[in-house]
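Both complexes shown next keep chain A, but they swap its partner, so chain B is in the first and chain C is in the second.
And then the complex of A and B:
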């Protein structure tokens, strides 16, 4: 009964989304205020019905109703309640319902927080979001209905949630990631609405900025969570694998990063307008492409869902419609966009342009590396794969160049900048970064690696530029400098936080990649292995019972120079619902290093394969991204985006006088 | 020329130049970093180049897994039903590695033995890597065997005991 209710509410939501796509849009062209203003109530209605539908599926899971095919496939009656709750998004159908809930949620939020926008823009933005909802709801109802019943052959027990997914990170990673992934649709909707209206001014940039930034922040946090999860759960000790699905979410992130920077230029200076629009279109298109890659079964990956060609064709058709339609609209309307201002060669605009170019090139390399195997396969060139060396070859130099330019860019001003500003602001950071590079190089004296020193230097560069900038800006204001430090605008704090985070992440990524030590060894009880000055003593295995699994837990006694540090308990788990063995790594982490131990297989006679890592500064990667995400939220929450004052004409006027 | 246009021209020229260099580099790097996939029958008859990074894949021949007594060295044979190829690997095998199951190996051929640097097993029970499914499917077609679950019945590789 509840499943049917969920199904029906989903159909009602589809009907509402059709109305949402048609009525306000029609109203905006026929200038019918009543039709336009229906957009908010329709958006609310759609959200409510999708939410009810989602609630129904959740109830099915909590009650372990195995007559519902999807519940039977992804849940089990002995699953702890919190995993039942998150098993809702443990498979294709349910995770798509979560996706739809997010889209409806974003639509609803736009409807709520857009009081200060002109009615015609709100109507069009919500109508575009309604149009996207039609596509996704149709997809769900036609090809992947989570409420399908298994009657009359109802299984008495569910097949269980994949043990890999029975982890606290699974409760947070998909919802946060989807928030970001789907949130890009709002920036897309604003871009399309702007193209339809032909109104591409600074006001438009100001309206869509908080949405793009919020989506970007969610996406950053979602990616970081996923990376951290893969690091401790998969037992390989890596934090990024250049897996096609990671790439599928990394590409929209890169474009969204370019977008939030480009939006700043468009808002402040009225240039790069058509480029910004293009970025908004591409970031959402890439997130659709990612959906296609993950859900069509064309790629091999830990994330790939069960193969079904019908689904792939549907998403591909929808992708074609969205990308083709929006690019066509762009082609028609973009020539009418005119930049109204100029800028000199040494200016903030130029550095932000460089930022955009580098991010776009990086996105293209990732796109090429991800799609090339598919293209080669389709053209009959054989089965090939593109390995991490290809991606690293571009990623590392581009990110490092980007961080070097970030420092220079932070010293510049809008329009034009005089040379002495660089020496004023950048002397201290330059010294700090050189010192930092030398310190790291000498710390790792005997195994010196210039890459490690370079990453440390550039990370320190970005961080110290941020601090110097903060200090100088506070000093330039009247009154006590210390007081002024805490009296900056939210947009400054958000930028500083995010850039500081990038510096932290670069240090973490660089040092952990260069200086990690890994040993795979065969260990018998009582044996000691020494890795990077740490002694790991294997004391034997212990049988442990968990909520729904049995495990063998290794006892690894860790010490350094005879001093006890910790006991690590990596596990091999066997879930009671059947299936395969699972590895749970044990990690002792602090800011300076992670000690990571994962069990391999039993090799007979009490001996086990053991994987041991010592990874310096690896926590800094996720910590850095956390700062970036926080920065994004600070920016998105900035009150000035919600003020009713019509400032939209001011930048325009100053831009003209500047030209 | 109008200074605005001049600036725009320079920027466009710069972007075009930069983009073509970048694309050139990408294509070059791509050609250096792709790994071709070979099924066991091609590995066994020497069609794969020696000492070049490649990918192989097939089913682990049951009873072929031998472990070293002193370190993590392991040997096993891969098959697609037509031929077997020996694989050596030193390290920890993935959880889902087991005899009679599909695996993908990354590494090099050296004197008829596949030196694996990485062994990837499927990640859930109902999944077979598409390369392996293809390779075994083709081998079966050559032998005139009807479609069956990949790797099922590989136990008696060579004997005609397929279901």
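And then the complex of A and C:
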């Protein structure tokens, strides 16, 4: 019964989304205030019904109702309750319902938080989101209904959630990632509404900025969480694999990063308007493209869902309609008049433009690398795979150039910047970064690697530029400098946090990639192995009983110079249903290094294969992205975006005066 | 003119969409028909455990082999590995192709996870992979006693795939030999 209720509410949600796409949009053209104002209640209704539907599926999982095909495929009665809860998004159908819930949730949030916006814009934005919902709801109802029943051949037991997914990170990673992925639809809807209205002014940029930034922040956190999960769960120490599905989230993230920077320019200076619109369209298009790649089976990947060509055709058609339609609209409506606001060669605008270009180039290389196997195949060039070497070749130099320019850009001002500003602001950071590079190089002595030193120097560069900028800005203000340090605008703090985070992540990524030490050894109980000055003593195996698995847990006593550090307990898990074996690594983390131990195979007579890593600064990668995400949330929460006052006049006026 | 320029993103997208449309009808897991029931491509490669021992196609003759393309950079291979060990235990002759990989790391991997392969060819520059039309790792080829490719599977081999795709062909080859 509950499954049917879920199915019916989904159909009702579809009907509401059709109304939402049509009525307010119609009202905005016929200038009917009543029709336009229906957008908020329709958006609310859609959200409520999708939420009920989602609740129904969750109940099916909690009750282990194996008459529902999807539940039987992804759950099991002995699964702990929290994994039953997250198993809802453990497969294609349910994860799509989660996606839909997020979309309806964002739509609802826009409806709630848009009181200060003109009614016509709200109506159009919500109508565009309603249109997107039609596509996704139809897709679900026609090709991937999570509520399909398995009758009369109901299995007595479910097939279980993939053990890889039975991990706390799986409870958080997909919802947060989807929040970001789907959140980009709001920036897209604002862009389309702006094109429809021909209102491409600074006010538009100001309205869509918090939404784009919030989505970007979620996306950053979601990616970081996924990467961290892969790091400790897959048991072999990597944290980024350039897998097509990782690329599918990384591309929208790159474009969204460009978008939030470009929106800043459009809001403050009224330039780059067409470009900003295009970025908003692209960021959401790439998130749709990701959906297509993951769920259609055109590209093989570890993440790929069970695929079905029918689904591929549907998503491709929808992709064509949404992206093709919005790009057509862009071609017809985008302003052709060149922005008349001018800026000199040395100005903040120029550096933000460079930022955008580098991010766009980076996105294109990732896109090319991801699609190359497909392109080669379609052109009959045979089947070719593109591995991490290709991506690293482009990614590393571009991201390092980007951070170098970030420092220079931070010293610039809008419009034009005098040369001495650079020396004033950048002298200290330059010294700090050179010193940092030398320190790191000498720290590792004979293992010198210029890449490690360079990453450390550039990371330090970005961080110290951020601090110097903060200090100088505070000093320039009247009153006590210390007091002024804590009296900046939220937008400054958010920028500083995010840039600081980038510096942290670069140091983490660079040093952990260059200086990690790895050892694969055969260990007998009582044996000790030294890796990078740490002594790992294998004390033997314990048998452990988990909720739905049995495990052999190694006892590894870690010490350095005779001083006890910790006991690590890496596991080999045997899951009771399905008979899967899983390796559960044990990690001791701190800011300076990770000690990472994973069990290999039993080699007989009590000896085990053991894989040991010492990874310096690896936590910094995720810590850095965490800072970036926090920065995004601080910016999105900035009260100035929600003030009802006519603040929007000011930037408009300045844009005009600049023209 | 500047208006036309604005259509550029749309055209690029249209080209991409056409590519995806084509991609939908191409199955990345499907065997290029050219290689099915053809002889396994010729090769002369050293093997991981003793790089100076050269193996060639002739070594595939006379027995049924599963040729498994793997690499240490391949996440799925690691998941697939225990099943290959099980197959090897059952007496299946598995020949590895260590594809675009670092031999040091590959040897360490085999030491750690145990070695299901009768031998593993070192295809460092991916030449054999190119001849085979390798799309990515892991891939597995079923080669019969005459060195002819009878089946190709892209992605992980597990019990389901084995019973559904490999076992029937093996039974057929064995029946034909009787």
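The working rule: the second predicted complex is superposed on the first by the 647 of 659 C-alpha atoms of A that agree within 3 Å, B and C clash if a C-alpha of one lies under 4 Å from a C-alpha of the other, contacts with A are read in each partner's own complex, and residues count from 1 in each chain.
Quick note on the criterion: a contact is a pair of C-beta atoms (placed from the backbone, for glycine too) under 8 Å apart; a residue touches a chain by one contact, two chains touch by 3 or more.
Quantities reported herein were computed from a predicted structural model and do not represent experimental measurements.
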Q) Clash or fit: chain B and chain C on chain A? A) clash
Q. After lining up the shared chain so the two structures overlap, which partner does A:330 touch, if you call chain B first and chain C second: first, second, both or neither?
A. second
Q) If you stack the two complexes on chain A, which partner ends up touching A:372: first (chain B), second (chain C), both, or neither? A) first
Q: Determine, under the contact definition given at the top, whether A:581 touches first (chain B), second (chain C), both, or neither.
A: both
Q: Kindly classify A:387 by the partners it touches after superposition: chain B alone (first), chain C alone (second), both, or neither?
A: both
Q.
Looking at A:478 after the superposition, I want to know if it touches chain B, chain C, both of them or none. Which is it: first, second, both, neither?
A. neither
Q.
Looking at A:357, would you say it contacts chain B, chain C, both, or neither? Reply first, second, both or neither.
A. first
Q.
Quick check on the superposed pair: does A:639 touch chain B, chain C, both, or neither? Answer first, second, both or neither.
A. neither
Q: Mind working out whether A:609 is in touch with chain B, chain C, both or neither, as first, second, both or neither?
A: both
Q) Overlap of the chain B and chain C footprints on chain A, residue-wise? A) 235, 300, 302, 373, 382-385, 387, 520, 522, 581, 600-601, 603, 609, 611
Q) Along chain A, where are the residues that touch chain B in the complex? A) 162, 164, 235, 300, 302, 306, 339, 342, 345, 353, 357, 361, 364-365, 368-369, 372-373, 376, 382-387, 389-390, 393-394, 520-522, 579-583, 598, 600-601, 603-604, 609-611, 659
Q.
Residue numbers of chain A touching chain C in their complex, please.
A. 234-236, 241, 243, 274, 278, 281-282, 285, 292, 296-300, 302, 309, 312-313, 316, 319-320, 323-324, 327-328, 330-332, 334, 336, 371, 373-375, 377-378, 382-385, 387-388, 520, 522, 581, 600-601, 603, 609, 611
Q: Using the touch rule from the top, collect the residues of chain B that touch chain A in their complex.
A: 3-4, 7, 11, 15, 18-19, 22-23, 25-26, 29-30, 32-37, 53, 55, 67-68, 70-72, 90-93, 95-96, 106, 123-126, 129-131, 134
Q) So in the complex, which bits of chain C are touching chain A? A) 2-3, 6-7, 9-10, 13-14, 16-17, 19-29, 32, 73, 75-76, 78, 82, 100, 108-109, 111-114, 130, 133-137, 154-155
